[in-house]
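Have a look at the structure below before the remarks.
In this document, chain identifiers A, B, C and D correspond to the written order of the chains, with residue numbering beginning at 1 in each.
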Amino acid sequence: MTQKQPPYKADKDNQDERAIPYTLGNLEAGEPCCIPKAHLQVQNLSVSYNNITVLDDVSLDIHKGCITALIGPSGCGKTSFLSALNKLTDLTASAEVKGSILFDTQNLVSDKIDVMALRRRIGMIFQQPNPFPLSIWRNLDLPLREHGFRNKSVRRKKIEKSLQDVGLWDEVKDRLQDSALALSGGQQQRLCIARALVLEPEILLMDEPCSALDPISSCVVEELILRLQGKYTVIIVTHNLAQARRIANYAAFFWMKERVGKLIEFGQCQHLFETPKDDLTAAYISGAKG
Amino acid sequence: MALLKTSFLFLSSLKHQPDRTLSFFLAILAALSGLLLLLVILFLAKEAWPGLTNGGWRSFLTHKSWYPLEGMFGIFPMIWASLAMMFGAVLIAIPLGLSAAIVMRFYIPPTSLLAQAYRLILGLLAGIPSVVYGLWGLTVLVPLIGQLHPPGASLLAAILILALMILPTIALTALAALEAIPKTILSGAAALGMSQKGQILSVALPAARMGIIGGILLSMARALGETMAVLMVAGNVVQNPDSLFAPVRALTANIALEMAYATSFHRASLFASGLLLTFLVFLLSWFASRNMGNNHYG
Amino acid sequence: MFVNLKLVWLVTLLFFSSFSTTMAADNRLVITGSSTVAPLALEIAKLFENNNPGIRIDVQTGGSSRGINDARMGLANIGMVSRALKPAESDLTPFTIAMDGIGMIVHKSNNIKTLSNAQIIAIYKGKITNWKQLGGSDLAISVVNKAEGRSTLELFLKHFSLKNSQIKAHVVIGDNQQGIKTVSGTPGAIGYVSIGTAEYEEKQGTPIRLLPLAGVSASVRDGVFPLSRPLNLVTKGKPSLLAKRFIGFAQSAEVHGLVKNQFFVPLKP
Amino acid sequence: MADQIFKAVILACTAFIGLVFLWILGEVVVKGISHLSFSFLFDAPVNSGRAGGIAPILVSTLMIIIVAVSVSVPLGLGVAVWLSEFTKQGQKFATSTRLTLDVLAGIPSIVYGLFGNAFFCIYLGLGFSILSGGLTLACMILPIFIRTCEMGLRTVNDSWRKGALALGMTRTAAIWHILLPSATPAIIAGLVLGIGRATAETAALIFTSGYVDRMPESFMDSGRALAVHIYDLSMNVTGGDHAAYATALTLIILIVFFNIMAQFMMDQWLGRKVLSS
């Protein structure tokens, strides 16, 4: 199970082609190949709302340091899957999660998990950039303080590093006290990623992080995600098949069967796109279905 | 739908101690504020109890009128007076208020100085204390009516003052409801070649009717519960309203007038009429909120 | 359960009460009741406060029944009642401070000079509805009646042997002042108020006129006016020290000037 | 043709309303201004308010508002936060609390006066006092305030809640640092609505805070509110109309002043933090 795709190189080529006006930060790219070691083991996961099952019997391993793309049409349970991983399903009163998600010997489906600590280790980025209506600085400062970083200079270092990692530091360093909502869409999304990174999570969940952005911002964010590879385990939901192909090491294809979301196929990205085992997968990636 | 989506935080998922403490503390506050209604009703009922037990309530129904000195506690003349004022006021305020809303929505551009000034005045008048309306009624309106039919303090004066007081509410809620109608509905009607009058009367008003009715019910509740303005202009004679110029006493005015010195059964009767008033107003606001809640456009 | 609730509320309120003096403080008096007595009590209170710095006396009106009620409930230290106490009110102790009468008033422009008892009764029963019927100008009569609970009303009804339900009123008023205001603003109106208040207002230039009653011109000075009454301060049980001092002061000759200024009749020494 | 007549009729109605309202406002302003002066605001009433000013009445009014606001705001804010952030749709306790508040909002003010008299004045023994009156008004404005705040909290961008929680923040922190600041305009609006009601109220105060028109020395003193003063001057004082109009003008100016202050505060707030949905 060796990862063939050399993402860093491809990324460089793309960058030249698109002539991106932004400079990305100094986040060093991880190992070119991710380690084939399960970071999360999902077994027989089902999610239901109001007793209506939206995701049924999903089992797959998320590999450490890899980017895993979840693809498939809308409403097939991809977002529910993500939410189950950091227990954001708790927020919906009627949601019920069954099965098991193993993370460091802990079963995340259990009620006894300390969700606050868990969410610090598993960060999440949403489709719509959601910086808080506070200053840029406080957007990053607040979560740090809430997680007990009392020392101001420590916080300052972490914030600066995190902003540099997402390539935002040079753009905002002179206006850290300005409202985060005054930033452009792409900047906002990178700020949200910085906000997640500042807590040094192990896993990042991304729910269509580029789909609400304009093409150029979208590219910048995509570059950024690629650079996260190796350092972080990334699970990304995307509707953009080309994007999934460009950045992901692994891909999981979800589909609605009898109104219930199912995992149809899971495997290395290249294999899934080039030699799909399932007819549905083949039809979807060729554009015949979906 | 928006409500459904947003209310997602709930107690069972509170894993953290500060959250649980806060939730517990806030739930106590909520219970306390809920207790307030219980407290209000309990105290009203406690004070009204001597008037309601031992067949006391029967005296409200059987006696023709209200003469506490003679032990007569019939409240019907005052109920009729209150209702007559309320309906009279609404009857006048509805067409006028709707006209104002229609004009502001369809005939003058909302950004024009005139429209803004008009809206400002309506907003200001909605916030003016009822006692100021009463003052104006007492010193301007009552003498005017008095020239027609002395002494002037009458059902008519009360109706006119109440109509003025609820007009801003009716106009502003109707305006909000009209503004909430999707533009496509109106342009659809215009595309069918309807006249502006037709568009307004047969498309816009029906589409906004829930909001408009809700506003009317709310203002009816306000008219029924109003005390000071009515007390100042209605003459306060307990009698069935047999003419517009007859002085009458509303239920609310009766409480304000006699509460200070009523004792025993008399006092209990006043508290009982307070309970009745609460019940009537509650019915109206309940209907109103049901209407507003079902309104698709606003 | 109620005791506990009360405790909870009281604890909540402690914040406010902590920096406030309470009603039971011995430098404060609350006096409520008859609007006839109130102006006099207010003047006496001012003088009393001047003589005794640090004392504060609050006077509020609302009718004799309120005076009785508040004194009973403990809402007021002293109640003001503009009539003699009834047998049912024997739990209160009355202290008479002056005498007053009730007089009929009409608008100043009204040319009727006198009314007999029978005429007044007919007017109040709604049998006479225009001043023309009494030889006056062609003007509808507006009958001004007092609200229940006012001792002025009770005395008026008793004197004319009327029942309130027989009266066909056009306006029902509360305070004496309100009655005077209504009559002064309505040319065809007739009402009855405290003579003291009416005389005071007449002197101030308010357009009203007192009518003689049964041929006796309106003044209680010699005590012969038919509709006279005592003005009382009442307390529940024994008055507190301060209340006792105030009542003593209000009954003393020191305030006779004030009493006369309000057109009431001082007690004979 | 029918279109023209219709237009003419409703334009006439609208103009008529405008004129009547201008008449009322004009009457208050013209009659009020002639009596309004610096000394009117800073003197004590003389001769039942025929002469002198309204200084003690202004002070009483402000004290009553202070009591009402300082009781209803913390309580109301807490309940609003609980309703919008800690209850789920259809939860019985929350539904019944909401229903209770709706009923409370509908109760006529004179009934609050009855309740305040029976509960605060007599049962708790507070007598006729600014405290009794303020607490009665607090009960009256509580449901309105809670409603506005709850609505404000509900319209706060949901993604901020999710974002905060996804960062492992506690709800308490999310409410304190993000939701309440974002809902500030609504909270201020609710506050102004409540203060407006409290300032305009008469019926609930007559039997709770009383009539005394002297300078209050403590919250346990009886104090006459501006609206009560207007009522008393116009009903019970011969020749008090001009003072009544001057007081009415003062009251209206006060209410407008509160509104402008609120608008100013909101603008400040919005200027500082760009809030968008």
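The rule is simple: a contact is a pair of C-beta atoms (placed from the backbone, for glycine too) under 8 Å apart; a residue touches a chain by one contact, two chains touch by 3 or more.
It should be emphasised that the depicted structure is a prediction, and the values quoted were computed from it without experimental measurement.
J.: Hey, which chain is the most central one here, using CA centres?
T.: D
J.: So which chain is the furthest away from chain B, centre to centre on CA atoms?
T.: The chain farthest from chain B, judged by C-alpha centres, is A.
J.: Counting C-beta pairs in contact, which comes out ahead: B-D or C-D?
T.: B-D
J.: Could you give the separation in Å between the centres of chain A and chain B, each centre being the mean of its C-alpha atoms?
T.: Taking the mean C-alpha position of each chain, the two centres sit 54 Å apart.
J.: Using mean CA coordinates as chain centres, what's the chain A-chain C distance in Å?
T.: It comes to 82 Å between the two C-alpha centres.
J.: Centroid of chain C to centroid of chain D, CA atoms only: how many Å?
T.: 34
J.: Between chain B and chain D, what distance separates the C-alpha centroids? Give it in angstrom.
T.: Measuring from centre to centre gives 17 Å for this pair.
J.: Touching at least two other chains at once: which residues of chain A meet that condition?
T.: Touching at least two other chains: 91, 93, 115-116.
J.: Counting only residues that touch at least two other chains, what does the list for chain B look like?
T.: As it turns out, chain B has residues touching two or more other chains at 7-10, 16, 39, 260.
J.: Which residues does chain C have that touch at least 2 chains other than itself?
T.: Residues 62, 174.
J.: What part of chain D is in contact with chain B in the complex they form?
T.: 2-3, 6-7, 9-11, 13-14, 16-18, 20-22, 24-25, 27-28, 75-76, 78-79, 81-89, 91, 93-94, 96-97, 100-115, 117-119, 123, 139, 142-143, 146, 154, 158, 161, 170-173, 175, 196, 199-203, 206-207, 227-228, 230-231, 234-235, 241, 244-245, 248, 251-252, 255-256, 259
J.: If you look only at chain B, which of its residues touch chain D in the complex?
T.: The touching residues are 2-11, 14, 16, 18-19, 22-23, 25-27, 29-34, 36-37, 39-40, 43-44, 46-47, 95-97, 99-100, 102-104, 107, 118, 121-122, 124-125, 127-136, 138-140, 164, 167, 171, 195-197, 201, 221, 224-228, 232, 252, 255-256, 259-260, 270-271, 274, 277-278, 281-282, 284-286, 289.
J.: Under the touch definition given earlier, write down the residues of chain B that touch chain C in their complex.
T.: Contact set of chain B toward chain C: 39, 65, 67-70, 72, 143, 146, 149-153, 235-238, 247, 249, 257-258, 260-263, 266.
J.: Show me the residue ranges of chain C that touch chain B in the complex, using the header's touch definition.
T.: Where chain C meets chain B, its residues are 5, 62-69, 72, 139-140, 142, 145, 147-150, 153-154, 157, 163-165, 169-174, 182, 185-189.
J.: Give every residue of chain D touching chain A within the complex, in rising order.
T.: Those in contact with chain A are residues 88-89, 157, 159-170, 173, 177-178, 181-182, 273-276.
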